[in-house]
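In what follows, subunit A forms one complex with subunit B and a second complex with subunit C.
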Partner chain A sequence: MRLSVITMNRIVIIQAFLFLSFTFGMVSPAFAGEPQDQLRQTTDKVLAILSDPVLKSQNKVKERRELILKVVDERFDWEEMARRSLARHWVQRTPEEKQEFTHLFKELLERVYMDKVEGYSWNKISYEGELIDGDYAAVKVKVFTAKDQTIQVEYRARKKGNHWLVYDFIVEGVGLVNNYRTQFNEIILKSSYQELIKRLKTKSTQN
Partner chain B sequence: MRTMVKRAMRRSIVECLLCSLLILILSGPAFGGPAVFGGFPPDPAVCYQPPDPPLILAQSSRSSLTEEEREFEEQADTMPDPLEPINRFFFNFNDKLYFWAYKPVASGYKIVVPEDVRLGVKNFFSNLTAPVRLVNCLLQANFKGAGNETIRLLLNSTLGMAGFLDPAKKELGIEKSEEDFGQTLGVWGMGPVFYVEWPFLGASSLRDAIGFTGDILLDPKTYLIKSMPVGLAIRTYDQVNDTSFRIGEYEDFKRNAIDPYLAKREAYHQYRKHKIKNR
Partner chain C sequence: MKKFNIELAVGLFVFAGILCLGYLSVKLGKMEIVGGKGYEIYAIFSNSGGVKEGSNIVIAGVEVGRVKSIVLENYQARVAMSLPHEVKIQEDAIASIKTKGLVGEKYIEITPGGAEKFISPGGKIRETQPSVDLEELISKLVFEKI
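Our next item is the complex of A and B:
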């Protein structure tokens, strides 16, 4: 009896509001282009690894991480991220310094990524459209996590050869690389580049 | 009339103050000092994943991606921070506050109270502030948002059992329009002016602090709750309940930052800019 009342309520509500039609008809058929397709392939692979029951056990954590990072490596342009995070300080660095920095920054970002991937249950990902402008693209994604939570993520990618490589992600308007850029810039300006490297190294040993 | 409003506002602010004190007392370690409190404006460090993005994803209003990407070479857009030493002091204060007070209290609460109940409580408090969002939608000429908020308020207050359930979202997919007066001022063209890290309140800007005062004026709780201890208890409870959903996020955020203070300030800046743009 209780059930049927709820179902009836539901039907009445849906009918009433279909009629008012405040929000319906907004669903835009997402046209999937190259950047989105490529990103989707990567994401699907990561999700497959995450849901693999064999890899779920405690002693497989390391193995699983390596598998995920291998998939991600192909899609993310670490050097571009490093270059962007240093912005105008990048050109002042020697090739060796650039290499060292890229390595440290990559390590940091991989951990950020793993935190996000392992820490939350990714129930569903919906693709909300993309924007292509020459060699640059933005792919909008909505991540449905635990109960009642959705996160808007925007991937920024740049075309290199046939591949669209991700160089930044923007979570609810907060750009990851952009955020590090501000931190790095102020640390360099207030102390020195060497101080920044020192702090990056401390971070990597802490974890 | 004006004195009534003033009195109600003063009471609300005092309640906010006392609310944080109560959390402190509950948490154990004795901890004095002035107290201001409220869940608002949202602290990006704590709510790193805001629960409800706006219903309509704004189709990108940027002129050109390429253009935007070139801009990064030049000076980045950061929030002015003339009060940095003071802000850093309160950042550390808030950091300790989280680990010593909010986290232990909310963790205990989380163990005792099932998720569904906590979610219901969250919905209930959120439903109470629907008028704040509704008015701010109107002030921003966001009529779709205002319409959605009206439907949500009517539906959730009745079929949603006084707001504990969220049939508007569950059945109809009508999401909240998280609008506040700080954003309204932003839409009207006001910049953040400079960054402020309030003790207890967390990240804010001069603009959003003004906005916060405006929102207290629009909050029905300011007028409905006559007794101060009751108001105080309610605000405290709302805060603890809210924190119970977010344990772990701030830790993650801090772990991944090289300078957590700067990371928080910039995240707040970008997050607010994003909310103002995507109304």
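Our next item is the complex of A and C:
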């Protein structure tokens, strides 16, 4: 009888312990959802702008783009993206050159991705989880298009203050930074940094 | 006395043969004795795409190291790579799994970054890209058309 009381006590203690660890276990993912939450807010804002009927008319295209850019600006760390894309060649640049390059790089991304953002008929976006490692996080997202295709996107973000800022994203296994890093490196090694700037400038005047 | 000499000669000959064989198998198998030279870093890939132990690590097309081990960790592939000491990897370097040609063997390419900090031995390459599944991409293209 006495023995069974002891075992009963043990079971209660174990259960209490399990319960505690379970509740704490439950708390941490909600807290850890920060990067995903912030990214979701930005995406929701962009989607709201895209689906706004007032902004859909042809003469509002510019206004709509500016609105989208403003939202995206808050979430993307353009300088970090530019730095990572230029990689080894970034260190050799003067502060003015860095600024100029960041600006041109941002323009390049705007041109490339704005059409895609506007053109896609986004049906649904599902968040497939996130991985947090200190100040770094990866958020996995699945985009469902109207044609019932899925596109897998992985955002890489870094914490700055209270904000998680995106510095890279990977679409279907192809990374943005890696892609531009290879291209820029090739252009710089073949000709020069000035040539790269020239190319980026001519591209931006084309549109 | 004479018999003893012949036995000794044969023994030495066999011993030398075994040594040669050992040397050959280490060389050909590209094995490392006592840890080898260099240091080890690791990277986590969501899909290792068939990279094997001994697969090449390449920077700018140059073979610099080998894959030491691949284990499943948290349903992802943890790939340990061994690199020589003179090859330093920046913190923001990107490791991606590539295929030689269209259907060739898999290897890991590291695109060097621009960070001033280097990854220390035992450290982790944070930025990785999984192997791109060509078959899957093609099937996506095909099914969109239908």
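One rule holds in what follows: the second predicted complex is superposed on the first by the 175 of 207 C-alpha atoms of A that agree within 3 Å, B and C clash if a C-alpha of one lies under 4 Å from a C-alpha of the other, contacts with A are read in each partner's own complex, and residues count from 1 in each chain.
Keep this in mind: a residue touches a chain if its C-beta (ideal position, glycine included) is under 8 Å from a C-beta of that chain, and two chains touch if they have at least 3 such contacts.
Since the structure is predicted, the reported quantities are computational estimates derived from the model, not experimental observations.
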Overlay on subunit A: subunit C relative to subunit B, clash or fit: clash
Which superposed partner A:Asp133 touches (first subunit B, second subunit C, both, neither): both
Touching partner for A:Phe184 - first (subunit B), second (subunit C), both, neither: first
First, second, both or neither for A:Lys203, with subunit B first and subunit C second: first
Subunit B versus subunit C as contact partner of A:Pro95, first or second or both or neither: neither
Contacts of A:Glu172 with subunit B and subunit C, given as first, second, both or neither: both
Touching partner for A:Gln149 - first (subunit B), second (subunit C), both, neither: both
Subunit A residues touched - subunit C or subunit B, whichever exceeds: B
Partner chain(s) touched by A:Gly161 [first = subunit B, second = subunit C, both, neither]: neither
Contacts of A:Ala87 with subunit B and subunit C, given as first, second, both or neither: both
First, second, both or neither for A:Leu108, with subunit B first and subunit C second: first
Contacts on subunit A seen with subunit B and repeated with subunit C across the two complexes: 84, 87-88, 133, 136, 147, 149, 156, 172-175, 178, 181-182, 185
Residues on subunit A engaged by subunit B in the complex (per definition of touch): 9-10, 13-14, 17, 20, 22-23, 26, 84, 87-88, 108, 111-112, 115, 119, 128-129, 131, 133-138, 140, 142, 145, 147-152, 156, 171-175, 178-187, 196, 199-200, 203, 207
Residues of subunit B touching subunit A in the complex: 44, 48-53, 55-57, 59-60, 64-66, 69, 72-73, 76, 78, 115, 119, 144, 147-148, 151, 155, 159, 166-167, 171-174, 248, 252, 255-259, 262-263, 265-267, 270-271, 273-275, 277-278
Of subunit A, residues touching subunit C in the complex: 83-84, 86-91, 133, 136, 147, 149, 156, 168, 170, 172-175, 177-178, 181-182, 185
Touching residues on subunit C, where the partner in the complex is subunit A: 47, 90, 92, 94, 96, 111-114, 116, 126-127, 129-133, 137, 140, 143-144
